[in-house]
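Chain IDs A, B, C, D and E follow the sequence of writing; residue 1 opens each chain.
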Amino acid sequence: MEKSTPIGLIAGMGMIYGAIFMGQGWQTFFDVPSIVLVLGGTVCALLVGFSMNEIKQVLPGLKAFFSFSTPDLANYVEDFSKLSRTARREGLLALDRSIAELEDEFMSFGLQMAVDGIEEEAIAKLMNHKIREDLRQRNFIARFFTMAGTYCPAFGMLGTLIGLIQMLQNLTDPSQIGAGMAMALITTFYGALFANLIFLPMADKMKTQVGEVLKMHEMIQAGVMSIVQGDGPSMIEKRLRLYLGNTTGDDDTGEEPELAKAA
Amino acid sequence: MEKSTPIGLIAGMGMIYGAIFMGQGWQTFFDVPSIVLVLGGTVCALLVGFSMNEIKQVLPGLKAFFSFSTPDLANYVEDFSKLSRTARREGLLALDRSIAELEDEFMSFGLQMAVDGIEEEAIAKLMNHKIREDLRQRNFIARFFTMAGTYCPAFGMLGTLIGLIQMLQNLTDPSQIGAGMAMALITTFYGALFANLIFLPMADKMKTQVGEVLKMHEMIQAGVMSIVQGDGPSMIEKRLRLYLGNTTGDDDTGEEPELAKAA
Amino acid sequence: MEKSTPIGLIAGMGMIYGAIFMGQGWQTFFDVPSIVLVLGGTVCALLVGFSMNEIKQVLPGLKAFFSFSTPDLANYVEDFSKLSRTARREGLLALDRSIAELEDEFMSFGLQMAVDGIEEEAIAKLMNHKIREDLRQRNFIARFFTMAGTYCPAFGMLGTLIGLIQMLQNLTDPSQIGAGMAMALITTFYGALFANLIFLPMADKMKTQVGEVLKMHEMIQAGVMSIVQGDGPSMIEKRLRLYLGNTTGDDDTGEEPELAKAA
Amino acid sequence: MEKSTPIGLIAGMGMIYGAIFMGQGWQTFFDVPSIVLVLGGTVCALLVGFSMNEIKQVLPGLKAFFSFSTPDLANYVEDFSKLSRTARREGLLALDRSIAELEDEFMSFGLQMAVDGIEEEAIAKLMNHKIREDLRQRNFIARFFTMAGTYCPAFGMLGTLIGLIQMLQNLTDPSQIGAGMAMALITTFYGALFANLIFLPMADKMKTQVGEVLKMHEMIQAGVMSIVQGDGPSMIEKRLRLYLGNTTGDDDTGEEPELAKAA
Amino acid sequence: MEKSTPIGLIAGMGMIYGAIFMGQGWQTFFDVPSIVLVLGGTVCALLVGFSMNEIKQVLPGLKAFFSFSTPDLANYVEDFSKLSRTARREGLLALDRSIAELEDEFMSFGLQMAVDGIEEEAIAKLMNHKIREDLRQRNFIARFFTMAGTYCPAFGMLGTLIGLIQMLQNLTDPSQIGAGMAMALITTFYGALFANLIFLPMADKMKTQVGEVLKMHEMIQAGVMSIVQGDGPSMIEKRLRLYLGNTTGDDDTGEEPELAKAA
């Protein structure tokens, strides 16, 4: 599980409520009706805006969201290099055994087609297609959270408008003005808090995961296509290592030509 | 009919007006002139911004919007597999009978061309073209609601400005200031409510429907092209099942290679 | 002339000023210096941002804007079907006479090239080019109004800032505060009114017109290319009818497969 | 030099300060420290955001910006028609003399390659490349002004925040509140004024110039490629006249088919 | 190291705090808890929104950000011209020695493949791939700063909301209202300051660097491909000089055809 998300959520909530406890009147900041109004309004707007079919995917999507961990791409280089040696030595059909042992579903999807003798172009097309469909769900979750982060402050503002209008009608007791405005502002506070600490950052994270899954799938596709085209193990490694680029750090040297020249 | 939209609309309105009834002065929140100003202004801006031709499409578009239900894509896999078996056994011309029984207008449009002997490329082009034209109306409705959701808060703010300016000119009676500002803010409240609970979420839903119709049409196109190219039933099923991907849930296993490896 | 635009403008202005007359102090809402400041500032910003060459195109562009009416695409299907029969019977050169009778300048531009024996690819390219150049002016008008709708509220806010700053310096007479703020807010009112009822909706309308002209030109191009390629009248009709799609309403049946299946 | 920019700037400033002089307390609106804060902050943000290399290009870019005048495209049609006649009569090499007399650097760049016998595809590619590089500087200036127009109101707001916070700490003398708030708002006024009258419109103008230069270069490229391909003078004129389209006004007739038909 | 960034940061901070020191109550503007709240909240939102894997790249990315200096492209023209002469005289294999002496890692990556006899298309593809992977890290840093600049003002506003709500509940002592509001506004001040002077401009700078690295890599790729294709030194120089275009200034003459013609 990706640790930075719960760390950020807990630390953020702790910091905000820490600041609140340091001041006076922290009770105002635990107002259940306001939370219900802001989150309830957001949920209703999302119900209007998404289909039942999509809303059913939110919970499994959330599970996938939290159980996701950045794939270790280096393993794939090794796997493909081994598979390519087998294919060269014993032919593509010999990969049949290896496929059964693969844990990656997308990798076996591609290699199985290679073993089945489906032609190169069709494999590339079907793999492209599968990548697109696989990303559809993750992209939906990202869009869902983005919408949640958009409607949440809007319903916070609506709650504040309701509170303000009610307060303004009863200005007879000036001592109540402050408390009334404080109450009215609480929904704006919740709307901004939920949007900026939870919904929008989680949409960001989902986009990050989409990027990582896409990169992994592109790498697997490149590997499968290399094996189908009969490339040698060294060529495959060369090609796939490019996907690991920014973890080695060596590539950076090329970006300071002036410095290097001065040396 | 898609149930989540009316559920969201009713629950949202109920929640907002529930919050209002819990406070004082709920009469203020039923102000017909304010509603007329906000919605009327929005309608006028939309009249300026769209052509009569387009505005006539709004009502039928709304009907299609509410009567839409997510297509069951799994049925299509079966249909195409059956059609492909017929085409292989008895030739493309034998599909003529089956087409008459098809309920999907887009599917029969494509297959009819195949039976008529129109060449592959032309079929693909005309189907692409038909997909684009079919989406034009739905996209227009989405754009219409997006514009409504954009102008609605603007006219809410205009109403508030009018109320504020009128109130500010009559500050002689301080006891009226609160009531005046409350009245002025009501249009902002309506503008934000209509935009965020109705117009913008309905534009979202329309975009969702566009996505689902597009996916269905792409699947049908892939099926028709497969039959034209003479692919076997198993290949067609393989290709079309990709469109169902995210409902089986099996595809997700491939996305946690680390976890799987640890097992 | 497109009727919805003047209807929307007049109804919108009537509604807003109706609401104003129902309240007190409607004189405030007819403040010529404020209108001059808001519109004048907007015009100056547009002068800075566009070239003389472009500004000269605004008036003719506005004339075209108001005289535009949605083309009746069905006529073109008939025209092309007739032309195709002539071309098949008597050869492409026989179209020369028919071209003289065509009212549509773009259609005769394309067909003349066909008669002149220019090759297929060059005709497609030159027609594409002409479409792009024809849309340039309309797109410019759309961009011009969008910019007007962006600068207008900004100068409204500037006017309010000036009014506020002047008022705040003379707080000695509290009875004048309200009137001063009311005056200051008038420019914001004008900025929001002009932008949301006039400039931005007119930019929307221009984009609508661009879409309709583009669709018509694409249809004409498809028709000309079909004739050049020697397609038969029935094939041309089939192809061109796709552009009329959403007016017949028949196409919608294909989008509710579940409903149809249940029947 | 393009006259509309200085006219707009001077008229806009005159109008705004005219409105200010008509009211009281115009001295407040000439506050040098506030101008320094707003413009200085903007300059600092731009220094952080651009490289020294780019900042050095701002002054020459500004010079080009003001010395730019819309190219007269009709001249190019004539030039190319003449060149094409020469090329047809005496061969491509005969253009060598004419190139020396060309004032347009991009035109001679392209034709020189044609005379040097570089092949068609390479000429097209190098001309494309040169267009892209030529536009890079202008696009940079547009982006520079857009950023200036974004940061400027932000620093105006920062200045107002500083003024507000300082004033709020000294509420002991109520007679000073108004003057304090007036002073605080001055930076917001400057930020909005500079952004909406100067920076953002100048970014618009730069984009307009980019469009005009691009159109001119595309026309020259089309002309050069036509000569290389050996097209006749009439074909070249036909092709290049398309670029002049919207100045003749004749093209508009084709856009009102209904009107024309009624006649 | 790029000097404009630290100059802008220091001058900007100096200017803002200079303005503060000129007024009263500068102590308010050094409020550590407010800074902690704004920056801490931003960091938490970024933790939620990015993966651990990405967050680990921020520090090395920052180092690269500050150590970056605009590459001197003119050197590459010379290098490639020399390499091309060697390749022509002694064959591609003779470049092997020269590669060892190259300081640019990307250049040797490409040339090594040429020496190894990998075919043209594969070299182009792998170089494209490497460019994309190299830019991924820089683009990530740009996106990271953009997000920081987005969340920072949001948490500033949250802090102000907390302060306002707490103050409004204690309106009993009117003399404290000003100080309370001043304190509440400080977080908004920090949010706007950090976003507009630090985070957003640094995201701009990173995008500038991405553009410069991309241009350099495209130039190197063009050079390598030219050598592989066996182009002569003069052709290579012609092609690569295009990348230097806007530094010589000569290219600008072509953009004022009217002026030139008048001369």
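Here is the rule we go by: a residue touches a chain if its C-beta (ideal position, glycine included) is under 8 Å from a C-beta of that chain, and two chains touch if they have at least 3 such contacts.
Because the structure is a prediction, the values reported are computed rather than measured.
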{"item": "Both-way neighbours, i.e. chains that touch chain D and touch chain A", "value": "E"}
{"item": "Touch-network distance, chain A to chain C, counted in steps", "value": "2"}
{"item": "Numbering shared by both copies at the chain C-chain B contact, with half separating same from different", "value": "different"}
{"item": "Copies chain B and chain D - rotation angle from C-alpha fit, nearest 5 degrees", "value": "145"}
{"item": "Inter-chain centre distance, chain A versus chain B - centres from mean C-alpha coordinates, in Å", "value": "24"}
{"item": "Centroid distance [mean C-alpha coordinates] between chain E and chain C, Å", "value": "39"}
{"item": "Overlap residues in chain A, where contacts from two or more other chains coincide", "value": "none"}
{"item": "Touch-based graph of the chains, sorted into line, ring, star, complete or other", "value": "ring"}
{"item": "Partner chain E, residues of chain A touching it in the complex", "value": "2-5, 7-9, 11-12, 15-16, 19-20, 22-25, 28-29, 70, 175, 177-179, 181-182, 185-186, 188-189, 192-193, 195-198, 200-205, 208-209, 212, 238-239, 242-243, 245-246, 249-261, 263"}
{"item": "Interfacial residue positions of chain C with respect to chain D in the complex", "value": "33, 36-37, 40-41, 43-55, 57, 60, 64, 67-69, 71-72, 75, 103-107, 109, 126, 129-130, 133-134, 136-137, 147, 151, 154-155, 157-159, 161-172, 213, 216"}
